[in-house]
Amino acid sequence: MLFAVRMGVDLPRDLDPGVREDLVAREKAYCQELQKSGRWPHIWRCAGQYANLSVFDVEDNEALHRVLWNLPLFPYLTIEITPLVQHPSDLAAGGAV
Amino acid sequence: MLFAVRMGVDLPRDLDPGVREDLVAREKAYCQELQKSGRWPHIWRCAGQYANLSVFDVEDNEALHRVLWNLPLFPYLTIEITPLVQHPSDLAAGGAV
Amino acid sequence: MLFAVRMGVDLPRDLDPGVREDLVAREKAYCQELQKSGRWPHIWRCAGQYANLSVFDVEDNEALHRVLWNLPLFPYLTIEITPLVQHPSDLAAGGAV
Amino acid sequence: MLFAVRMGVDLPRDLDPGVREDLVAREKAYCQELQKSGRWPHIWRCAGQYANLSVFDVEDNEALHRVLWNLPLFPYLTIEITPLVQHPSDLAAGGAV
Amino acid sequence: MLFAVRMGVDLPRDLDPGVREDLVAREKAYCQELQKSGRWPHIWRCAGQYANLSVFDVEDNEALHRVLWNLPLFPYLTIEITPLVQHPSDLAAGGAV
Amino acid sequence: MLFAVRMGVDLPRDLDPGVREDLVAREKAYCQELQKSGRWPHIWRCAGQYANLSVFDVEDNEALHRVLWNLPLFPYLTIEITPLVQHPSDLAAGGAV
Amino acid sequence: MLFAVRMGVDLPRDLDPGVREDLVAREKAYCQELQKSGRWPHIWRCAGQYANLSVFDVEDNEALHRVLWNLPLFPYLTIEITPLVQHPSDLAAGGAV
Amino acid sequence: MLFAVRMGVDLPRDLDPGVREDLVAREKAYCQELQKSGRWPHIWRCAGQYANLSVFDVEDNEALHRVLWNLPLFPYLTIEITPLVQHPSDLAAGGAV
Amino acid sequence: MLFAVRMGVDLPRDLDPGVREDLVAREKAYCQELQKSGRWPHIWRCAGQYANLSVFDVEDNEALHRVLWNLPLFPYLTIEITPLVQHPSDLAAGGAV
Amino acid sequence: MLFAVRMGVDLPRDLDPGVREDLVAREKAYCQELQKSGRWPHIWRCAGQYANLSVFDVEDNEALHRVLWNLPLFPYLTIEITPLVQHPSDLAAGGAV
């Protein structure tokens, strides 16, 4: 089950540099673990923004919530969620042209 | 070069049913042709909305514009564009964990 | 899996009264069928508005989309969707106080 | 009398951890007490957000205000209120199909 | 129980003048009947706008909804509702200064 | 001359408790003095919000400004003003039904 | 007593040209009559917009409402009102520098 | 050449009182100097707001920018600019009625 | 003197095709005449939108207004204006690096 | 490939003056280097705002992102991006009138 998620990041300026570096490293590791498991199939950086557009593939809303809630950067994120379904024009849907 | 594009569709109620059917069929054919050529790699329906979230892979802004401008449904679409780049945490970027 | 859905209704003034009556009757029948099946557990009218706040209980995003897309009033609705999960303070979650 | 209430939580980053833990614990206890009394029949977490959607069942506006004003987290909440009434399609309203 | 209600009126230009005159007359009669019964204690015109700010005094949300839903101009109104309670500084609340 | 005024209060969390208590007490005294003089005929708390909806009856814009500018809480208020006039349906306007 | 008023004009495309010409002519005459009487001391066109920014000098809110409500173009206007008072830095206020 | 400018002031609460007093005094002196030179022909306080609506009469955009950029309060201002031109209904434009 | 202007175009669907073609042709001719005269130095299409971003170089606000007001498509445009000045980092400003 | 970019600057008041001066100097040097390379062909100050409107000419989205991400002021900027293409009325496009 797919969800599009836009995450805007707003790290406070006065965050201790070590804390910041650690946060970002843990975020990256967490993200890549979810990519490997297939639950975070797409992540793109929005050009010119400290933000990403991602697609998640999870079993249900609960799984989506757990994934997002446990993001190391969660307290600094503004999150927008769009539930997705297969589009009738999607070739992957198997429809003949 | 990737762009995320959200398209909301607003077909007028008083559109002739034949015209409408033809429009939607041509939109589907056009969309699938672009999928086959690799320029429209993702299209998802936004759940509960007459809208889609798409990702386009085109050479440049001019190519993006031509693709969107020639959509049969173009006059009825509200379009939002987000230029995308590779995210530093994307495994596909080849970075070791 | 639960979703909160707000539906605002905007029926065109010039809709034929018979068509309108038929639409509203079919909407009601469709709604009550889904209530009986357990997929539309809550529907409230927003006071002073031609709008409702509903909760749907469906298997996945695809099921939610099918339910909404097939609403007889769908072409006249403005729909906002909020995916829901169990709240940690919810007694129904079984947590001791 | 029912009200839908959306509460967004914005705890300041520099809140003392002990204070924060205490606040959240008191909020949970307060919430569960109101659930038991029947005045807070529904509380859902909004997926991916530090926010909840709740339904309150109270005698009047004054009772709603007292309940919300006394939330331990009140100073950190953004609150939106929608007065609800029974929907004419609600089976619970006793109407035959 | 008090509610503040702002109503913006948007009568279609092509409304038949007789229909319009009748609508406005019935709205006025309906409004004055509710004033006499004490349920519509305040109505002010917003200066320079085809809009009013009103205060309703009703038993509950259901009563508020019935009053608004039955306004002859209801299909042409944009309605915003604010539930009100007594203010702690209100002298009418009986508090000594 | 009447004005509707909505005041949202945003007291900083780090305000000294004594300062805060003094501010709120002075606000209440100031408010009640204006009630007695007839210049602040209505004040309601917006349910579930640290906000009020008020009606002022003053000679002119200058008087309105002086009253608001001198509110002890002024620096912490977000203020919205709506000039009001008598509504043609208002029974108090003396019009026969 | 001064009010700043911004008026955006939205004349329907299908308005009969004669009706339109007459409306605009009556608007101009009405406007100039009020200028002569001193009640409409300033009117500026907003560059590149079918809109004006005006200042009215009237006795009270009732007078402002009458002036605006009777504008021949009133049904086609979007109106925003800002009550004004003398600024403490205004030389015209008589204050020595 | 005329511009309407709305300036909202947001002085930080923790500004040193002496600094604040000096800032406001310099703002007033600067404002009055520009009034005398004819470049700031109108300044009104927006009732109930720490804000003003002003009209500037300057040679060009560069002159407008210099005047605003050098306002002592500039770092604390939210500024909105509307370029103005003579209105065809303005009697001062010399048009016969 | 420079102004950035964004123009969104919204041609009504039911516009006579001949009228539409004529309008667009006249808009193009008008635009190119202004380009040749140096008053419309930049015009770009916003990708995927029926809209343009333009820069105008005119003597004053009056000249800007005349240029925009006389656009053949003016009645169908949504126009946003930003007055521009030379940027201190602009090499063209003659500043040594 | 062209992009319009609006950058609003919000430097924190408590930034060390030396740090601030250094940041602004590095921003200017960086900006002028990009101007010389042809990648930042236009930069204008928005009149009366701490903001600029710029046009970038870069190979692709990745190049745009690198340029913006490396702006010394990036952490203090609010950035809006509009992908641009050649306008069919642009004389530079070589079209005969």
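Letters A, B, C, D, E, F, G, H, I and J mark the chains in the order given here, with residues in each chain numbered from 1 onward.
Keep this in mind: contacts are C-beta pairs under 8 Å (C-beta built on N, C-alpha and C of every residue); 3 or more make two chains touch, one makes a residue touch a chain.
According to UniProt, the chain labels map to these proteins: A, B, C, D, E, F, G, H, I, J = Muconolactone Delta-isomerase.
Computed from a predicted structure; not experimentally measured.
J.: Quickly list, by label, the chains bordering both chain D (Muconolactone Delta-isomerase) and chain F (Muconolactone Delta-isomerase).
T.: Chains that touch both chain D (Muconolactone Delta-isomerase) and chain F (Muconolactone Delta-isomerase), as defined above, are E.
J.: Compute the distance, rounded to whole Å, between the mean C-alpha positions of chain E (Muconolactone Delta-isomerase) and chain J (Muconolactone Delta-isomerase).
T.: Their C-alpha centroids are separated by 51 Å.
J.: Between chain B (Muconolactone Delta-isomerase) and chain J (Muconolactone Delta-isomerase), tell me the centre distance in angstrom, where each centre is the average of that chain's C-alpha atoms.
T.: 28
J.: Return the distance between the CA-based centres of chain E (Muconolactone Delta-isomerase) and chain I (Muconolactone Delta-isomerase), expressed in whole Å.
T.: Centre separation, chain E (Muconolactone Delta-isomerase) to chain I (Muconolactone Delta-isomerase): 45 Å.
J.: Where in chain D (Muconolactone Delta-isomerase) do residues touch at least two different other chains?
T.: 2, 45, 47-48, 61-62, 64-65, 81, 83-86
J.: If you go through all the chains, which pairs of them touch?
T.: Chain pairs that touch: A-B, A-C, A-D, A-J, B-C, B-I, B-J, C-D, C-E, D-E, D-F, E-F, E-G, F-G, F-H, G-H, G-I, H-I, H-J, I-J.
J.: Write out the stretch or stretches of chain J (Muconolactone Delta-isomerase) touching chain B (Muconolactone Delta-isomerase) in their complex.
T.: Touch residues, chain J (Muconolactone Delta-isomerase) against chain B (Muconolactone Delta-isomerase): 1-3, 60-62, 64-65, 81, 83-86.
J.: With touch defined as at the start, can you tell me which chain B (Muconolactone Delta-isomerase) residues reach chain I (Muconolactone Delta-isomerase) in the complex?
T.: Residues of chain B (Muconolactone Delta-isomerase) touching chain I (Muconolactone Delta-isomerase): 5, 12, 61-62, 64-65, 68-69, 75, 79, 81.
J.: Could you pull out which chain J (Muconolactone Delta-isomerase) residues touch chain H (Muconolactone Delta-isomerase) in their complex?
T.: Within the complex, chain J (Muconolactone Delta-isomerase) contacts chain H (Muconolactone Delta-isomerase) at residues 13, 45, 47-49.
J.: Applying the document's contact rule, which stretches of chain G (Muconolactone Delta-isomerase) touch chain H (Muconolactone Delta-isomerase) when the two form their complex?
T.: 2, 4, 27-29, 31-32, 35-36, 42-48, 52-53, 82-91, 97
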